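Below: one structure, written as structure tokens.
The letters A, B, C and D name the chains in turn, as written, and every chain counts its residues from 1.
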Amino acid sequence: MAGNSFGHLFRVTTWGESHGPEIGCVVDGVPPRIPLDEADIQHWMDRRRPGQSRFTTQRGEPDRVRIVSGRFEGRTTGAPLAMIVENVDRRPKDYDDIARTYRPGHADFTYDAKYGVRDWRGGGRSSARETAMRVAAGAVARKVLGDGVAIRGAVVQIGPHAVERDGWDWNEVENNPFRCPDKAMAERWGAFLDGVRKRGSSAGAVIEVRASGAPVGLGSPVYGKLDADLAAAMMSINAVKGVEVGEGFALAAEPGETAADEMAMGEDGPRFLSNRAGGVLGGISTGQDVIVRFVVKPTSSILHERRTVDRDGNETAIRVKGRHDPCVGIRAAPVGEAMMACVLADHLLRHRAQCG
Amino acid sequence: MAGNSFGHLFRVTTWGESHGPEIGCVVDGVPPRIPLDEADIQHWMDRRRPGQSRFTTQRGEPDRVRIVSGRFEGRTTGAPLAMIVENVDRRPKDYDDIARTYRPGHADFTYDAKYGVRDWRGGGRSSARETAMRVAAGAVARKVLGDGVAIRGAVVQIGPHAVERDGWDWNEVENNPFRCPDKAMAERWGAFLDGVRKRGSSAGAVIEVRASGAPVGLGSPVYGKLDADLAAAMMSINAVKGVEVGEGFALAAEPGETAADEMAMGEDGPRFLSNRAGGVLGGISTGQDVIVRFVVKPTSSILHERRTVDRDGNETAIRVKGRHDPCVGIRAAPVGEAMMACVLADHLLRHRAQCG
Amino acid sequence: MAGNSFGHLFRVTTWGESHGPEIGCVVDGVPPRIPLDEADIQHWMDRRRPGQSRFTTQRGEPDRVRIVSGRFEGRTTGAPLAMIVENVDRRPKDYDDIARTYRPGHADFTYDAKYGVRDWRGGGRSSARETAMRVAAGAVARKVLGDGVAIRGAVVQIGPHAVERDGWDWNEVENNPFRCPDKAMAERWGAFLDGVRKRGSSAGAVIEVRASGAPVGLGSPVYGKLDADLAAAMMSINAVKGVEVGEGFALAAEPGETAADEMAMGEDGPRFLSNRAGGVLGGISTGQDVIVRFVVKPTSSILHERRTVDRDGNETAIRVKGRHDPCVGIRAAPVGEAMMACVLADHLLRHRAQCG
Amino acid sequence: MAGNSFGHLFRVTTWGESHGPEIGCVVDGVPPRIPLDEADIQHWMDRRRPGQSRFTTQRGEPDRVRIVSGRFEGRTTGAPLAMIVENVDRRPKDYDDIARTYRPGHADFTYDAKYGVRDWRGGGRSSARETAMRVAAGAVARKVLGDGVAIRGAVVQIGPHAVERDGWDWNEVENNPFRCPDKAMAERWGAFLDGVRKRGSSAGAVIEVRASGAPVGLGSPVYGKLDADLAAAMMSINAVKGVEVGEGFALAAEPGETAADEMAMGEDGPRFLSNRAGGVLGGISTGQDVIVRFVVKPTSSILHERRTVDRDGNETAIRVKGRHDPCVGIRAAPVGEAMMACVLADHLLRHRAQCG
């Protein structure tokens, strides 16, 4: 019920603002006796960390995570795991000019309208800074899932430029600053985003996240469907405006004859001959790859002047300076992976509870 | 946590199988003293009811809803509202041949894999019959929202044929069997679907649901975002494989200069100059129309033979007879409306709780 | 969150009013493949059923339970289990005189104050009739727990007369109309309650519920403690005003030297030398008997005239006729057993989720 | 669902171990724009703080609370309120001898049995140190309730010595080290506890908590009853073994004629002529004082040797040194107040949600 928690049995609660002293999370329900080190978390934090290329924000945050409870002698204890990250590069003064003016595309107006008060320092609670703790929680979720489950994310479209499926190479994802699985497209994106940056503009993106090795049977019909929870998980990420599973929206135009995945017998039992469903049928995992895509809108903070209003009801215009990602979608890939991990870990525990 | 419940403060729990004696729901958290009649519910039930044209299943279900608790002297009491619908046209025998064979695209395999048991009569719990109770709950949600909030759904694409936005006329939606807002396209769909039906095939669809009049401030960052809950709500509907808000996936290719909605002052305060965001910013409603679209895959039950396996691990083929919707998306529109109503009602109560 | 649901993974939602057409419940989260018959439920329903002696209400309710979903071919399916009981002996007219007058000790005033409306027919939702569905849900919970767990309840005090621990004989409980484990005391209670009944008065009671065979490890610190959930479960039963675990309130006066249960090694591992803690330490079951007691206040509906007010703010007096239990505590024993079963089943699933 | 959270709309999640670096909590759902300072919290923290007399543990903890999120410019923002307290006086070495031995009356055995791992430093998560964060959350809850609601706790029994109701003076509670409302009894307790301490023993206690000014209508039948939630809240406090509301267990022996509180008209509407029910009828507050009592068992850590076993299955004996409260009940009074505040705040928001 609480708005700042996610999941049921593997339950993540995050707190903290973009320019507050610290951000943190509590992960409750973690199974005991799982070996866990700060380094296990840090590995994933570093993949999301800002400032790793000229295509992401230059805010200098080391994102050092501290585990302050729930671990004893190197293993989880079953008690809530609390993690804290210090906000090092705080510059609240940078935001003085937006203290009273609503930035288009941001949550400034809606937070003010809802709460009548707003921490305007870098967006406060509505900032994507919060997603750092999702990645921390996701790192724990991966531990719960174990080595048999691999969760990987890739950026598959930036602006109007989508990757070719034929050129897909997972190894490329860590080789370019875009998490692009298509080497040729990565180069094209570089040129495209340099142009975007120089124009003071921004670009949207589509991210694909795949989980391999997830067991069959995860998901709880009819409202706790695996894909329903994945949809909520991805849509809750900042700037996300759409989510699809498997072939997604393309299935509208697909004829019935080819839309459903046929089955045959494999060496280990029933297997599917295709995966248009994205690994989920009736809300339950099929044992195939679980495949989700989501769209991230262009970063709203751009150098172009846009019309807006202020708190006092005056019409005005704004041009948002500061340190922003020209394509926030790039850093959303590790966040999408983390949310996938959290959803799967939660459903793993839920499945174990009901079905043993 | 329970898989068969939806919402937090306006909480819906459904039960029942496609060919069981009855289906029903319990709606908890309903504010007291709301006038409520069976007829209020029935109006919306009838819009989803099967057998209304040759394009939907011919199962003969009157879908008469009985309110059996939570109402006294014509008004809600604050106690849980229980509603029951009898399954009249039960024909479990029709399904004997699928008792042991997994229909491609259906939940047969995953239910069996998860639970080790499966009510195969018409899909049992995984059948879209369950959505009748969503519509009943949605009718109550509309009462909670009041007359100021109008929720309307339309089918905007069937197969590869999408409506033109210019030809949009809400009045047309009730004038054709497709809930199509575009008169010319409705005719085209008729011809298209006749062909689909004759071929024993099926078609997918995209549905758009709009809520007008929803107040600003609904939605609870960061995991209880209005659009996160809408995404889960729509994705939980049978056969749905994707959800988008506002411009959705199209925002990937939109430049930053035009992606964010600008603001100006209107007569009643700040207003937006466009609605690409679909009425949600930072997970909180803006006061504009809340706009959601979702895709429904083609009906999996088709007359074409498809490869599959049975419970005993034999490869086989199946051709699904019975009474099916050639385009299940048509009847999904009222269900999408109902889910929108439930999400908004829940968030209305949640907002009132926290912000008074 | 919803007020009419109980439990998390084994989740019970009840609905219905005392003189409405039906009462029912939905039990979600039930593990699949458990053999389940109406007779399994009915056995426990009959133990709570009214009219079994002159010491309980004479309302003639057969309490026939129908399972309408979640079961297929004699086994649970993992889908929500819905059960319905018809209210046969409805006499709403009996309650005309309390339609506008608040009965002391009842929820009439508070329901009206909270909701501004009230189903006054026999107390509506606030009636102990609701507990019938707790017993139905508890019967399912017993199936989840399996034969290794035995849950038994006994009345240990009626009015000022408490049983002697030395005379305790579980076999006696089913031999007298009071569920009294002490044969001599049962006779004394008979005489005492005849007097109470003749005076038009009523008596309170204390019930003890014991679960034997519950595994060690159930309970989830620090807010999901087994005893915290048991306390809520018992306190939620109509007319209950206190709950204690193990030695309970007597521990205030116990010296530290004897208050804690010592341990030694038994044949199967560590064992406790006493059970003052009632089978719970730190909120987690020890493997010993889980022991809970709760007090039921005297039935508020008595034939004596009491001062009160009506809805219009007039002072008045009332004498409550109708068919009431002179000691509602007697019928609370099976309800307490049911709540114990539900709590243990929920925690069994929760424990399995986190700890495998 | 998560075991370390409490409440639904006013939702408290705590984390941290007795001898970890920090303990903390997240309070989600706090209404916005409430003025809030560290000093507001500290005032209540100081009342629970250890080492304030020779009758409580001598551990030197300043319990300085830091608010690290959810507040901006001195007011709550609606974002989650995170609070952190540093553990200053950590002495994990003191506990080396209990690393492998189960202390009778403690959670050592059950944590080990459940989780297979245990932070044995001062009890880890099972330590009453956790209650510091309950008091912090309770301080916020008081702010939500406003000045109209006064919540006060008193110790009413220590060992076998109970206060006289006639001698009750709330002003005395802050004048003696026992939170005793009866001056004469406070002196007697001093002598009694000196003896207990010298004998190396410990004593139990009963605490009474009263909330005055709580509005009528709080509580959500039938499982979300105000008293059911209070029972869970109090029972979740360390060492509590029983809870009662109003007259509680004494109602078993009360005749029906006097058990129910009569009503008459007062200046502001209906009023009750007594308060045996403890301010709750049918699970809903009556507008009278809400009265709860709970029993705290004698501190389990005593200097006397007790029989026990170790992790390796050897029988042994233990004598627990360290810095312990001879009567942990004394410090439980502020914790009980805090839990009362949290329950009322949660129900205030829940009531506002459903009933406006």
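The definition used in the following text is that a contact is a pair of C-beta atoms (placed from the backbone, for glycine too) under 8 Å apart; a residue touches a chain by one contact, two chains touch by 3 or more.
The structure presented is a predicted model; accordingly, all values stated were derived computationally and were not measured.
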#### Entry: Same or different residue numbers at the subunit A/subunit B copy interface, by half rule
same
### Query
Between B-C and C-D, which chain pair is linked by more C-beta pairs in contact?
C-D
### Task
With chain centres defined as mean CA positions, report which chain is farthest from subunit C.
A
### Query
In whole angstrom, how far does the Cα centroid of subunit A sit from the Cα centroid of subunit C?
46
### Query
Between subunit C and subunit D, what's the gap in Å when you average each chain's C-alpha atoms?
26
## Note on the structure
Rounded to the nearest Å, the gap separating the Cα centres of subunit B and subunit C is 39
### Touching two or more other chains - residues of subunit B
1-5, 8-9, 14, 29, 32, 78-79, 111, 114-116, 125, 221, 350, 355
### Query
How about subunit A: which of its residues touch subunit D in the complex?
1-5, 8-9, 11, 13-17, 20-24, 26, 28-29, 32-33, 68-70, 72-73, 75-82, 111, 114-119, 124-125
### subunit C to subunit D touching residues, read off their complex
1-6, 8-9, 14, 102, 104-107, 109-111, 113-116, 125-126, 130, 157-160, 196, 201-206, 216-217, 219-225, 227-236, 238, 241-249, 251-257, 259-265, 269-270, 273, 277-278, 281-287, 295-300, 302, 304, 306-309, 313-315, 329, 350-351, 355
### Query
Residues of subunit A touching subunit C in their complex?
1, 9, 29-32, 78-79, 221, 349-350, 352-356
